[in-house]
Amino acid sequence: MSFQATDPGFEARVRASFGRQAAMKLIGAVLTRVEPGIATVELPYRAELGQQHGFFHGGMVAMIGDAAAGYAAYSLFPADSSVLTVEFKLNLIAPAGGERLVATGRVKKPGRTLTICEFEVVAHKGGSATVCAVGLETLICLAGRPDAPAG
Amino acid sequence: MSFQATDPGFEARVRASFGRQAAMKLIGAVLTRVEPGIATVELPYRAELGQQHGFFHGGMVAMIGDAAAGYAAYSLFPADSSVLTVEFKLNLIAPAGGERLVATGRVKKPGRTLTICEFEVVAHKGGSATVCAVGLETLICLAGRPDAPAG
Amino acid sequence: MSFQATDPGFEARVRASFGRQAAMKLIGAVLTRVEPGIATVELPYRAELGQQHGFFHGGMVAMIGDAAAGYAAYSLFPADSSVLTVEFKLNLIAPAGGERLVATGRVKKPGRTLTICEFEVVAHKGGSATVCAVGLETLICLAGRPDAPAG
Amino acid sequence: MSFQATDPGFEARVRASFGRQAAMKLIGAVLTRVEPGIATVELPYRAELGQQHGFFHGGMVAMIGDAAAGYAAYSLFPADSSVLTVEFKLNLIAPAGGERLVATGRVKKPGRTLTICEFEVVAHKGGSATVCAVGLETLICLAGRPDAPAG
């Protein structure tokens, strides 16, 4: 599926919003790709992100999956809007081990109020890539409530 | 519902496993209550856990909800086992604002292989408490694979 | 939690809407309890509702769970509105065997646009009652679009 | 992704199991495609399957989505096993209107115990096809418990 962003400034808007999320900074997540209806968030491994067996913690997987889905949706929203996660569900399907996680969110169904996204989180280890989580998420558009702080 | 733990050392086992999760340390989450089939994880606010509007990031809500559900399940597992999250779904139903989040997981249906839990995350602000997320989660018991490192 | 319906005619409105659902008639489901924020749908067993081992088919469990959640939400909606299921998730936690299934939906968080419900499906067999499914569901209110046919 | 069925008789086994589900007969669902890791279930419209506005009832959408996912998983299971739905989540993303629904389930991650599937339900109306639901589902393999009645 391919989408057209209604806001020509969508990429800068998405990147600025991601940049304001302290929690993404804390874990070291980076927003790499932003296209209409698609966003990718990457997370390099460090021991502090781990669970007891040295894999990425499942919560980290969820966090970047949710972020990727949210910004995929937000790329299609109007300029003066915010995005909120209504709900998501994910399946952890393989151990999240490796040097780097890459979460990609894609809009499945855009909407004026609700947007539905899918996401996939891939663990990169050496030369190999393994899908470690898949998810389905519902986002809501808060129209007329810009994400940026007033100024 | 009330459950009986089959492992008399369940509480120490659960607390030790939680203590080995670096990611919980990174965000500052604390395991407070551990009873058969119930676990509570608390998260004091600091700006680094926030999203762009100063609330707790939704990923943090998910992370401690998942942890509470996982340890609620693990409390009922045998001594020489590990726990893995198969999947979870959560609804974010109110802004997660305040001084502290409290996530409580409860076993809804224990099982030899799969255990189903519910969780609820409450935001405490001043004297008030608001449920900000509810979730449903499936955990799997890896029998014969102790959580603790060998040695 | 207890709620107040804003539409004094909520019960008649809910029952009329249920009565227009041919699919509920096909399977033989009956709407029993309707209170503000709560609805109960019952399904007596007949062989046609079964899967290959003589239990109620999981799809039947899902169908009445969704219906109970939807009408629990709809009870709190304004008079001139419709309800749509946005999404739901359910866990089937025990075989759905017995003479009768009873699904109860309860509003967890009402809202002007979105309402979040929980549901539980109980299988009644002889004198015993077993929870066979639990679910979490998001409903949307279509304001100004009455459920009843014009005329 | 492409999979190899370990049981050479997988197709006949899947079709026989579907054929024993009375509930599928009641609603008129037909199992069309069966390949390793893929199954398609179709449902022709009749008024009895509707909700109050003449679309397919959401419960019918869920029922055939779940069936398609379950049989996609079961195609990869060993000969002497059964399949049970552990849980599923679906988003209803467009009105399910038309002459026919087509649900396709695909294995995303096969496993000895748990298998994860995605499903999609498409509504066919005139010449057009609209995705009306997407889902994510977890199935469990009951090894050594054949689906067929003893005889």
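In order of appearance the chains are A, B, C and D, and numbering begins at 1 in each one.
Note that contacts are C-beta pairs under 8 Å (C-beta built on N, C-alpha and C of every residue); 3 or more make two chains touch, one makes a residue touch a chain.
Just so you know, these numbers come straight off a predicted model, no measurement behind them.
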item	value
Chain of greatest Cα-centre distance to chain C	A
Whole-Å gap separating chain B and chain D, where each centre is the average of the chain's CA atoms	33
Distance between chain centroids, defined by C-alpha means - chain A, chain B (Å)	23
Centroid distance [mean C-alpha coordinates] between chain C and chain B, Å	29
Multi-partner residues of chain D (each touching 2 or more other chains)	86-87, 89, 91, 116, 136, 138
Touch-based graph of the chains, sorted into line, ring, star, complete or other	complete
Complex contacts: residues of chain B adjacent to chain D	86-87, 89, 113-114, 116, 136, 138, 140
Residue ranges of chain B touching chain A (in the complex, touch as defined)	17, 20-27, 47-52, 57-60, 62-64, 66-67, 84-92, 147, 149
Touch list for chain B against partner chain C, complex	89, 91, 93-94, 108-109, 116, 118, 131, 134-136, 138
